[in-house]
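Below, each structure is written out as structure tokens.
Each of the two complexes below includes chain A, the first together with chain B, the second together with chain C.
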Partner chain A sequence: MAKNKIRDWLEVRIGLDELLKSQLTEYRVPKQINVFNALGSVALAGYLIQVISGIFLMIYYIPHSEHAFRSVQEIMTRVPYGWLFRQIHVVGSNLMITAVTLHMVTIFLMGNYKRPRELTWIGGGIMMVITFLFGLSGYLLPWTQLSYWATTVVTSLPTAFPFFGDFATRLLRGGDYVSGITLTRFFAVHVSVLPPLFMILMGVHIALIRRIGLSSTPFGKTDEEKRPLTEFRKKTHPEGHAYYPYLFQKQVLMVICYFLIMFSIITFAPTFFFPEEASVPADAFKTPENIRPEWYFLAPYQMLKLIPNKFLGISLQIILLFVFIFWPFLDVQKEKNIFKRPVLRGVFIFLMISWVILMWWGRR
Partner chain B sequence: MKRRSFLKALFAVLGTASVSSFAYPLIRYLAPPGSSDMDKKVVLVKADIPVGGSKIILFNDKPVIVINRPGRGFIALSKVCTHLGCLVEYEKDKNRLICPCHAGTYDLEGNVLSGPPPRPLPKVTLKVEGEQLIIG
Partner chain C sequence: MGRSVIVLFAMLLSLPSLSSGSYQDEFAKGFLTKTWSGEQPEENFCIECHSSDKMKPEFLTIAEEWKASWHAQNNIACHNCHGGDPKDASMSMSPHRGFVGKPKPSEVPDFCGKCHIGILKNYYDSDHGKEFRASGKGPNCVTCHGSHNIQKANIDIISEHRCAKCHSYERAKTMKQALFLTEKKFDELEGGLRKLRKEGVYIDDDQKNLFNIQAEFRTLFHSVDVNLVRDRTNEFSSKLAVVENKINSTFGELRFRKNFSAFILLIFAAMATVLYLITKTPRD
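Right after this comes the complex of A and B.
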């Protein structure tokens, strides 16, 4: 009874029935949809988890070079359940990067970046870069040996470029070296520059997906995107499933899996993301041995090590990143199905294998 | 019509001027203030560093390593790897300096032996005066 009253109240004010109908049941998704189509919402859930646990951490964290390390230790040992929120944030960051990467890979495999979804892809690519920047800026905050020296290396990267490079590095660090000034800068970026950027992009990304309509997998039968497309046409799937409950259930299932993996790691492998150097306070006068970045930067790190020329190494990586983000404009073939495109498939497999090899190599 | 295009141009100019007049303060705000280089000399006692030994000092706020090389005397080298800024370590038994980050190695003159560093380690002037070492 009470529920009905609330419903009626909302009905008058926001047109609830029509809203639910148009957004949930009348919003149709393609028939061959599968769990991989739910990866985007896993990434979104992952982001929300980061926001919430991050706000909790901010209550005790002190962004100052003399207190940062100790305040993080206190969160881990003295604050009731502080360890839980820190673990959620740290494990969550790694899992979110995994989810984002898997999301991009599956979209790529299904050719869903193709016309008219170029903008959706580019927005996603920029969000992926921002996700990495979140990881990078957050890494410094506990002010450990690992975070200090990883940041030293990363902020040195611009020095590879003539003229502007040295200035850019000083700008990032707020001085000649990574110092307390760098810490407050990175903190500001981590908590107040990146989040609004990310939110805006996410809003645009989701709005675009809803406006254009989900793409069906190219592995099915007909693929209407092969027809010339000169005007805006929303892809409705009249013969498809209703978003609710069909895709919604898959999304919930995947988010539950996400939580399952997260809490398994926290429970059974709590030190998985905490190497030894991560428990030593930052020392500006001693570079620890075996300093290496987080796993998601291992491949570029190894590439940098292998290419003797700094300028070349870094330029190559930037070029690769641009190729990746603007890929929809470089791939002009109409065929979406990667099984019918041996060259693209070959390149993809080659890239995947070399990524894994570089990562494994960089690990030692 | 003429008046309209004149006003448009005026707005464009004024708008650009007011937006860009914030750009300079913004960059200056973010850029760190110039470092207060004082070139203060550092004086060490020779006997403190035995042959094959080394000492780390701060010179102009930058870490510098002073090494007493077997058979070749003292040298002062910047500890900051010219690749990406990690600090090199002195490997006594191998007579070289090694950077832990990307395995760059240098000889005891600061020259690159192997690895990614693009330039030798900068030398810092060092003078031996009697029982003292004067750095800077």
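Right after this comes the complex of A and C.
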């Protein structure tokens, strides 16, 4: 009874029935849709988990080089269940980066970046870069030996550029070396610059997906989208399934799997992201033996070490990043199915293998 | 045309980095040492001279010995004991900067006692200290602990080979027995703390606390008074029990965390199973 009253109240004010119908049941998704189509929503859930756990951490965290380490330790030991929120945030950041990367890779494999979804891809690419920046800026905040030196490594990368490289590094660090100023800068970027940017892009990204309609060619099973696209036409799937519950259930299931992985790590490998250097406060005078960045920066880091010229090394990476983000405009072939495109498939496999090798190599 | 301009531009930009040696050297120089390490480590001219070829051979081992010492591990450097200015080569051995150089044998206890105040007092009150004061000879700090290669104080320092040089080992042995249990507890607790650090727990405060208790305990037996040690062992036992309880409760907390997150894991596993079954149930 009470439920009906609330429903009626909302119906008068927001047209609830029509809203639910248009957004959930009448919104139809292709029949061939699979769990890979749910990876985007996993990344979204991952982001929301980071926001919520991050807000809890921010209540107790002190962004000052003299207090940061101590305040994080207080969160871990004295704040009730503070350890849980920190673990969720730390493990979550790594999982979110994994989810975003997998999402991009599967979208690439399905060829769903192609016309008319170029803008969706570019938005996603920029969001991926922002996710890495979230990782980079957040990593310094606990002010441990590990975070201090990893940040020193990463912020030194722009020095490879002649003329403005040193300036860029000084700008990032707020001086010649990583200091309390860097910490404040990174904190500001982490909690107040990146989130609104990310939210705007996320809004545009989701709006575009709804506006254009989901592609119906998971892994090139059908090629019905080969039709010429000379005018805007929303892709509806009258023959497909209702979004709710069909895709919605898949999305929820994938998000639960995300939580399963997260809590498996927290339960069985709680120190996986906390090596010993992570419980030692930052010390600018003591360089640890093995300085290396986080795992998601290992491949570019190793690549930079291998290429026999600093400037070329960094330029190549920036060019690769641009190629990646603007790929939809470079790939002019109409064929979406990667299984029918041996060259693209070869390049893709080569890139994946090199990435893994470089990451492994960079670990040493 | 456009392409060749880009290539030319890229080549021009890369000239500065091409011109100076191999990239590997440059990388090591530019990344590994300079810009990466932020503020440079402090220069220490004491170490520099005492490692150079010009130094007399008998002074050459000092730096190496110090590096291996407990002092070095606790950031106690040359100038903390000998004075002088390690950052300024010309003034490093100047009395104006407090340089006192090597102490005479009779000055050794006061030299070490600048920092180890409690121990100095106990030592002077002991038979060892009284003998040393009276004759200028007899066991002092370096007799048992060495001078530059000072190792972490350890119950094994009390040994027949050392003590029996001057007198029979009997009394020292009784002392060692009186110390044994408390010293063993210190080792145990240090092991526990190391284990906690591996589990990602910040232990510096507890370590400092334990260090202080240990230092206080050490002052006690420099009096070489077995009865005093026996009388006060209980006091130290209760202090150590507090540290032990804290270590144990931290281990307990870690167990609780594991169980708690395992519980949440199970809830998600159950949810996943139910949802999977729902999605697999045939519907219209």
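One rule holds in what follows: the second predicted complex is superposed on the first by the 358 of 364 C-alpha atoms of A that agree within 3 Å, B and C clash if a C-alpha of one lies under 4 Å from a C-alpha of the other, contacts with A are read in each partner's own complex, and residues count from 1 in each chain.
In this text, contacts are C-beta pairs under 8 Å (C-beta built on N, C-alpha and C of every residue); 3 or more make two chains touch, one makes a residue touch a chain.
The shown structure was predicted, so the numbers you read here are calculated from the model rather than taken from an experiment.
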item: Three-chain arrangement built on chain A, chain B and chain C clash or fit; value: clash
item: Partner chain(s) touched by A:Asn337 [first = chain B, second = chain C, both, neither]; value: neither
item: First, second, both or neither for A:Thr287, with chain B first and chain C second; value: both
item: Touching partner for A:Leu260 - first (chain B), second (chain C), both, neither; value: second
item: Contact breadth on chain A, by residue count: chain C or chain B; value: C
item: Touching partner for A:Pro308 - first (chain B), second (chain C), both, neither; value: both
item: Contacts of A:Thr152 with chain B and chain C, given as first, second, both or neither; value: both
item: Partner chain in contact with A:Ile181 - chain B first, chain C second, else both or neither; value: first
item: Which of chain B and chain C A:Thr106 touches, first, second, both or neither; value: neither
item: Which of chain B and chain C A:Gln32 touches, first, second, both or neither; value: neither
item: Touching partner for A:Ala278 - first (chain B), second (chain C), both, neither; value: second
item: Clash-bearing segment of chain C relative to chain B, given 39-47, 75-83 or 183-191; value: 39-47
item: Residues of chain A that lie at the interface with chain B and also at the interface with chain C; value: 149, 152-153, 156, 159, 176-177, 284-285, 287, 291, 305, 307-310
item: Touch list for chain B against partner chain A, complex; value: 30-32, 35, 56, 61-63, 83-89, 99-103, 116, 118
item: Interfacial residue positions of chain A with respect to chain B in the complex; value: 149, 152-153, 155-157, 159, 167, 170-171, 173-177, 181, 284-291, 304-305, 307-310, 313
item: Contact set on chain A toward chain C in their complex; value: 73, 76-77, 83-84, 87, 149, 152-153, 156, 159-163, 169, 176-179, 249-250, 252-253, 256-257, 259-260, 263-264, 266-267, 270-271, 274, 276, 278-279, 281, 284-285, 287, 291, 305, 307-312, 315
item: Chain A contact footprint on chain C (complex, rising order); value: 10, 13-18, 22-24, 26-27, 30-31, 35-39, 41-42, 197-204, 253-254, 257-258, 260-262, 264-265, 268-269, 271-272, 275-276, 278-279
